[in-house]
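Same chain, two partners: subunit A is paired with subunit B first, then with subunit C.
After this line comes the complex of A and B, so read on.
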């Protein structure tokens, strides 16, 4: 008789009845979810109070697989949805989890303003350098000369450095890892979950089906080896020095970890100052569970 | 139903413009979250909310654009707040994707649209009623919603309260469709004592987590499912994809059919409870003027003048544009010679009247390009023509 299979410690964080996932073999998204569940596991949070919001895309499907209150919203709009959710129910720990196109192209305006406002949320961006779900088109993070379905002769626009963008907008925690760095990523996610304000983690991650195949870069595993060989951990590095280049060195680490009042803290401070006793603070509906 | 919260309700007689009356209606209805992006002639609504909310325990956020504004309120609703956003014309166009998202996710919410002349940037700040078909069909796919058309600041207050109530009752987006004139005209608005304002609370399930609650299950003899909010332990999933009763994506035709039909039927089959209109002088009428918003007040003059000339003309004012009062108009169409339909567009609701009348009697549109209101004489002439 074979040994009984040990339950995977991440299972309790997943809607296992919805598995298998839609993700391709070798896709990095699942690995990042695994790290996220490990971060939750170590956090000691009441999971009933953790809400996950996604936009649209392969990464956008993460919300549906996590056994949390989860919202699969519209393309690019996870951040403003999460802003409303967080402001209306500040007892929630709000996490946005989405793709690079979702967050930085169609959702770019929301990304920069949520960082500027320091809205209290953790944003996890799985950057696979391409639009996965729609078939591998170019995104703001595609490297120059890489081939995408809408840049058949190779991309030629400037590549977005997302940590630098979020840093310059005022995000209080900014990190980059790859899906090879599972230990560091889980730890970083744990750290970010425990912080207040706008936190941003970029994860470089393989899309073997579209990006790797089209650029003749091998399988998911080959990309992992590439991440292993080419990554340099530089915690505290200035985000002006973390630009990425095609097939060159990848700077990873926690780049920014600062303190700044959140948008709600700033709002409350201002209102109290100006209105004094006339200020009636918002009462969270989250304090009274419906069944209590 | 419960009563309005006295702490926010501005009981008394006030001179308010329509936009400000909407803000007070929202507060009285229990709205404590609003998102917005500036656009004339709607901005006064959020300007007042941003001034009033910190004194009544509400939160306003001005987002970076209407795409954000139109989904932030949906997040707030799932967090447990009553919420609205406000816009006009171009902003309303940008909000369409999220009106569809609100419809498919059955998120109770209110969108206030103060209409101005379009298309595109059109004639900024000038009145029109050109978004009526967009209100009905603007988002892609099939869905139903509710749209209310106030014709005075008083009604801006009353119907905004009503909009929040209907949103909760049917778990749909409800649109309050002002036009610029109604938004900017100042009149007396009487706000009753809180205990006289009926407010529908969100229908949260009584089932506890683990007792098999399903977020999109028609239950207890109602087509409208009960709600929960994030953080209560139900571990809900909400998606804009076609979903089953648990809210899980299910990409197949039977699930799609079931979901789509319920989204439609919960409004169509409850139309009698939703549809509101005002009728005048219909008992002997041979001609009926069908109008809404500011146009109904211009039409009043024309109707009076026509009556003075011996024409038996009555008025049917749409208070709900959607669902359209089709039973009532169909019934009237059996009795009268003609419908005259003045509106500040080139004939949008006239199409709906024609559809319902189905050739039984004459329908005479009185189109107007917007920017100004009709000259009452134009309407009068059409009334006279219609009985000739």
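After this line comes the complex of A and C, so read on.
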């Protein structure tokens, strides 16, 4: 037993005094945060220029654990908040890190419109198929026949396929991974951080306390083994082929990677066209205070 | 707490080091299951929170690939490679 020579590579990006986290043993959210710190590590960004915005929920706690400019907003309103942040300071790399209930149910409208307008932000959606923090209610991503606290006889509504939704709304980078695919996820997050426009990464993640226990699917580790067994990597696949079904094959990969003008670029192009020299483009204040 | 693997072969240029923070571990066993070389196991002992943290059961197998560090949801374990000249010096 000797003292470690190297420090933990993740600790630079974390508020270590807040650890251990509130997440249950076997929860995959921590693994996704781990991958995000590694993506940040590889990207070499100035951490003062990275902001992270979270909504409410288990995944909403991520903003509290990352040692960046972090904002914990109201339920479902992480994307509107991030839009404002990005427009006021276009130099910022804005990351929205939230759960499936927060982004696709309560903030579903904001998700589709941010994708349509191509706001320059990265949205990381950790999909654990349930509202974990409030007691396991059904979400738009809960599979048909899966049991949730509000659907004791099994869910019966059609589910969202989030990559397909964001692709059809015009996201420029759409990927899906599971918390088992740590290396691919870290690489994908790094790629997405370096892109411009609306980037969306869905991460399937086990919820051992509510989703798995209610459906008698075992512990978090069992779900991770299931992801390992059942997931198929299809990079560049059409998002129409990526529908998920209860306990069926999971298609993962980077599905969409394209270029499209962001909403600020589109605005500047249109205004310059109409107003000509009269139009003064907005300049980011950066870190300078307004009076300097 | 850290555990290092001994240099088993003479031609080995590095050895794996695994550092484990027993107290923040929640015993989810992701690192044990997904260690590509199967070098980790869970302790039979408990930490202060009542979980079984992992330990490097087969140090000779570890090559410091840091897969355990990628999987850990509680940032409690990581691995790295240590050059053997560095150790001798």
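Here is the rule we go by: the second predicted complex is superposed on the first by the 281 of 292 C-alpha atoms of A that agree within 3 Å, B and C clash if a C-alpha of one lies under 4 Å from a C-alpha of the other, contacts with A are read in each partner's own complex, and residues count from 1 in each chain.
We take it that contacts are C-beta pairs under 8 Å (C-beta built on N, C-alpha and C of every residue); 3 or more make two chains touch, one makes a residue touch a chain.
Because the structure is a prediction, the values reported are computed rather than measured.
In the superposition on chain A, A:19 makes contact with subunit C only, not with subunit B. Judged by the touch definition given at the top, the superposed model places A:225 against subunit C, while subunit B stays out of reach. Comparing subunit B with subunit C, the partner in contact with more residues of subunit A is B.
By the touch criterion defined above, A:43 reaches neither subunit B nor subunit C. Touch criterion not met for A:194: it reaches neither subunit B nor subunit C.
Once the two complexes are overlaid on the shared chain, A:9 sits against subunit C while remaining clear of subunit B.
When the two structures are aligned on the shared chain, A:150 is found in touch with neither subunit B nor subunit C. Contacts of A:69 after superposition: subunit B is touched, whereas subunit C is not reached. Residues of subunit A that lie in the contact sets of both subunit B and subunit C are absent, per the superposition on chain A.
The residues of subunit A lying in touch with subunit C in their complex are 1-6, 8-11, 14, 16, 19-21, 23-31, 33-35, 38, 180, 182-183, 186, 219-221, 224-225. Those residues of subunit A whose C-beta lies close enough to touch subunit B in the complex are 15, 18, 48-49, 51, 53, 63-64, 67-74, 76-77, 79-89, 91-92, 109-110, 113, 263-264, 267, 271, 275, 278-286, 289-291. Across the interface of their complex, subunit A is touched by residues 1-4, 17, 19, 21, 23-24, 26-30, 33-34, 49, 51, 66-67, 69-76, 78, 80, 82 of subunit C. By the touch criterion given at the top, residues 7, 32-33, 35, 54-59, 61, 63-65, 67-69, 71-81, 83, 97-98, 101, 204-206, 208-209, 228-241, 248-249 of subunit B touch subunit A in their complex.
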